[in-house]
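Sharing a structure below in structure tokens format, with a few things to ask.
Note that the chains are named A, B and C in the order they appear, and that numbering of residues resets to 1 at the start of each chain.
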């Protein structure tokens, strides 16, 4: 019983670590633009499809090259989404931007199925050996990769936001948009770069998930957007450390609920948790600043 | 008219109810990602009442609408003070819980020697009231469109009357509406109940058109489509929501040259349309302009 | 003296409502020019239009002989015009030092650190609080930070939108001492002010704006002589 609990906790943390960068990318866009990007996951999914396509054509490509392809394609798709859905609505309606991002979701999904029509597409596996066994607990090597990646992404993002000129512009723009513009910061440009950065983070996370599962489907877009949205919401919308915490909580809750209640009720529990949090503690959900 | 055209027309009508329900919530100044749940509740309730309990469709539809309205109020009561994306997320969470609820619902009874009723993810077969009542597909299309026309007419009349102005006031400036002595909270709850009832009516009619429903019919994609229809059509008039549906299902389903690229074309068109007209095709200004031309 | 800033027939509208209805004025190089006017007259709209935040519908804004109307804010800051916005608007959640660096965002020269040092000498309170969250500063300190941040862009013309708004009298005194100091060091200043008594002590030229139009232009002497203005702006002790 105790071993099960520990194992679930370990699995949950590993899952949470793989959600963390997904959530960070989503929260970054929401925190800076104050807009929910429903096409966040689908753009990453398209990146992974590009990598899978390259893998099929040129089987000799290594994981590193495929990751680079996935990242680049995700950034391109993200930039496309920004230009068409967010740049035109920068001063306008948040709802219009969100619905436009949903429309492009449909588009990206169809592009993916045109690229690779089979419903399930094989993806090169990250690791094919046996999982590690430590003190009676099983630890997958992929989980270690996920934790290392999450830590690296957090450190890199913190360095960008707190140590670079671009990061200063991003934080200034979030803290006081008018004052930032009066200081010579160009919002349109910063938003575009934030989108590219978020897509790159998401692309990394998505590639890792795809390589862990060794397969991808068009449903991956929905999955990524949902995990990003859920973790961001659970952590208090718009806060980056909150998004990471939300991702870990999401992973833990899912792992334990799956073990005790099964897969259907696992999702139910997550939605119930979110609903209750929103209904009971709306204040807590409102953290204004992303830093 | 060939069978395909009839089926497209019926589908436009069915989705029309969903779009109208999303439109109502939007007018009240909220955004719901969860109208599909009430559509689903209507479908399951109505289907169970006709197929398992042997009720006639009109009675079952009324009961299903009541259930949809009650469910909408139950979701809104604890969450209506949330705004924007928070309310949208709360409705999404509730709708996903409802969908998982459908997946867990196993309740079958023997009807004419066969088990009938919801069977979890296997879905719910044999909702055959229309077939048994001897109604042809054309007849059913007429029924759906009559119901939709009645609802639309009712809403259009309500919009022209003071109700529409009140609704817009509540949506656009709740503080002002409250200052004018309106119980904003109760008014919004009423609108949301109506939107739940409308979605449920669409659901009942959907279930009896398809004769088979399954939980994944009522996933978030359905709800977001409803929301998108209302927004593409525009928030200026109740007809906007129907224009939105007709644009998607009608135009692109009808013109089959886009086969295989339908979503690429449609998705791009919608995104571009929203750049040009962020408040949809029939926004308030356009509606006023049309109104002046014809008065 | 020559005109550093020349505004001609400027019209700025919000939808159908014109907030500026043909404003013309000049700010002489090396002067302190003050714009007076009631709430809603278009003072902030004028400042925001000059700074490039709002696009005028008609008219021109020339700075040092160059047309800057309809240019984006970053180009206008780059050209040497900086606006200290109404209500201070520091960057909360960022340290005082980071606020100042943000002010120097467009600069690529190597003298940013030296300028920071100079500003810390001018505003010793900011040095004391360099590492502190700007959102936790007092109102007066925030106003000083906002001014210092604008100075980090090395402006030739400093626009100030109601720098004394909501500040205690002693702090207002300090702000105006700073304005006078900056002017002595060679910065041209164009400020919006409701506190005409304070403005009279430093400004060389006054404009009055009412309902989107300039209705008075003159030096401090003629301002004090104008019966209507005296009653409206210098009469009873406002604030």
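Everything below uses one rule, namely that a contact is a pair of C-beta atoms (placed from the backbone, for glycine too) under 8 Å apart; a residue touches a chain by one contact, two chains touch by 3 or more.
Since the structure is predicted, the reported quantities are computational estimates derived from the model, not experimental observations.
Among the other chains, C has the CA centre that is most remote from the centre of subunit A.
Put simply, the chain closest to the centre of the protein, by Cα centroids, is A. Inter-chain centre distance (subunit A to subunit B, centres taken as mean C-alpha positions): 31 Å. Centre to centre, using the average C-alpha position, subunit A and subunit C are separated by 43 Å.
With each centre defined as the average position of its C-alpha atoms, the distance from subunit B to subunit C rounds to 54 Å. Taken in their complex, subunit B has these residues touching subunit A: 26, 31, 78-79, 81-82, 84-86, 89-90, 93-94, 96-97, 100-101, 103-104, 220, 224, 227-228, 231-232, 260-264, 266-272, 274-275, 278-279. Of all residues in subunit C, those touching subunit A in their complex are 51, 53, 72-74, 77-78, 82-83, 85, 89-94, 98, 101-103, 105-106, 146, 149-150, 153.
Subunit A contributes residues 36, 38, 84-85, 88-89, 92-97, 99-100, 102-111, 114, 222, 229, 233, 237, 264-265, 267-268, 271-272, 274-275, 278-280, 282, 285-286 to its touches with subunit B in the complex. Listed in rising order, the residues of subunit A touching subunit C in the complex are 165, 168-169, 171-172, 175-176, 178-186, 289, 291.
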